[in-house]
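The structure under discussion appears below in the form of structure tokens.
First chain written, first letter: the chains are A, B, C and D, and each begins at residue 1.
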Amino acid sequence: MTASSNVTVERRDGVAVIYTQGYINNQAGEEVARVAYTLIDEGYKTLLINLGGTTIVNSIGISILIVIIEKMIEIDGRLAFCSLTPTIEKTFHIMGLAQYAPIYSDETAALATLRG
Amino acid sequence: MTASSNVTVERRDGVAVIYTQGYINNQAGEEVARVAYTLIDEGYKTLLINLGGTTIVNSIGISILIVIIEKMIEIDGRLAFCSLTPTIEKTFHIMGLAQYAPIYSDETAALATLRG
Amino acid sequence: MNGLATLREVTLTLPMAPDMEVAASKTATAIAEYMKMSPDRIDEVRMAVIEACINAFEHSHSSDRQVTMTFEVVGKTEPEELRITVKDTGIGFDPETLEEPNIERKLRDDRKRGWGLKIIRGLMDSVEIHSGDDGTTVIMSKRRR
Amino acid sequence: MNGLATLREVTLTLPMAPDMEVAASKTATAIAEYMKMSPDRIDEVRMAVIEACINAFEHSHSSDRQVTMTFEVVGKTEPEELRITVKDTGIGFDPETLEEPNIERKLRDDRKRGWGLKIIRGLMDSVEIHSGDDGTTVIMSKRRR
């Protein structure tokens, strides 16, 4: 488990899970992106961002997540999200993000589908 | 268990425990007092107010608790408190309340001493 | 306003500085809780407030570096609606000429930003923007339920 | 003020109405959290804010029925202290002539109230009261730790 201030990672059998903690603003968004790029460099093509520890995001933070989605599309990989608050999930739908990055209710559901 | 909006009671073997919920302002303080008087009328001489469900009080609410202490002294009974937040405990000490109504960390500790 | 009155009005003035949007969102939460809005709706208000504040912080270029917010609890006799005004005295903008952000395009575009107003409109029940040379005022409302 | 500057200043104007003190205390909490005050100290600030607001609500008899609060984050470069001002434009009072409340006496007395200022003084690091014909201003500070 690698840890930085807001973001931790667990490598679970082909899928790397990124856990966020707290407010995802620009700094925290960039931290998630840094961690994601490291995992991509390690060869991971399936990333799951578990937002269970996050109850607020702002649109600047989310914009940075879009950069990660773009990157995953480029490498023909997959990015998914799980454990969103209803408001964050609604926001992802408002933005149309959900079309490009599936949203799962929890990590178990996400891993079952992503590995399946 | 009798329930009203903020206050519930459990009668535990000679000691009646009053549980509060939420902000103890004047209304909630008066509700606690009403419940206390009912218990006194039922014959209870030992009351324990468990503040575990309360994180804020105001001085008007506490003043009403002082009325209950006065009443308990009159009938030669005892009133105690348990499960206070550090700030509420500090406030009770600032007021000198703690001299007239002992404060216990939790209900188990309170009951052990009150019954002992 | 079909017989609606302002039952409570709270004003908050904030510096345009990092994380101050979080303070604003907590004041909004407190007022929304006071009027017993449901938790999911409160959370939506909270996010809209964060976006509206960040817009003023980032884009207004106001010289006083302050945002003034008003929280109005509106209703006939009981709270029905929370109306939030976010005002800056900055350079203003023309909301009409903004391009609606679109995820397909954003995925290719270098600029991924530009979602704030869309999110605010999606989360609140109604949104009005008044903007000009003397600054920007966003008025957004959410019914209690 | 030994080189201390106001790093952030937030102003809140509240109506004198039931439960509005809770909204005030949440704004205080948000600012105290922003400056990373410890949770126990934040909780003490919260209680002091509630008491100061209730005093203005109950005793000021101000005609505008409003309380203005200022939250100042004070420090040399990093937040060191939260300074909160609670101001009403009411009738004022003379804090000097108030009797210090005493639990023994209160237990016999019909009036059990009169604890607010003692609690505020006990919970905050410093408290100043300015009161006169044009109203009352309570200035209370709490160090970050």
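By our rule, a contact is a pair of C-beta atoms (placed from the backbone, for glycine too) under 8 Å apart; a residue touches a chain by one contact, two chains touch by 3 or more.
Just so you know, these numbers come straight off a predicted model, no measurement behind them.
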| field | Each chain counted as touching subunit A and subunit D at once | value | C
| query | Measuring from the mean C-alpha position of subunit B to the mean C-alpha position of subunit C, what distance in angstrom results? | reply | 43
| Centre-to-centre distance between subunit D and subunit C (centres being mean Cα positions), rounded to whole Å | 28
| Where the CA atoms of subunit A average out and where those of subunit B average out, how many Å apart are those spots? | 48
| request: Return the residues of subunit C touching two or more other chains; collapse runs of consecutive numbers into ranges. | output: 19, 22
| field | Residues of subunit B engaged with two or more neighbouring chains | value | none
| note | Chain pairs that touch, by label, are A-C, B-D, C-D
| request: Over in the complex, which subunit D residues touch subunit C? Could you list them? | output: 8-15, 17, 19-20, 22-23, 26-27, 29-31, 34
| said: Residue numbers of subunit A touching subunit C in their complex, please. | reply: 23, 25, 55-60, 62-64, 66-67, 69-70, 73, 85-87, 90-91, 94-97, 99-100
| query | Any idea which subunit D residues touch subunit B in the complex? | reply | 19, 21-22, 25, 40, 43-44, 46-47, 50-51, 54, 101-104, 106-108, 112-113, 115-116, 118-119, 122-123
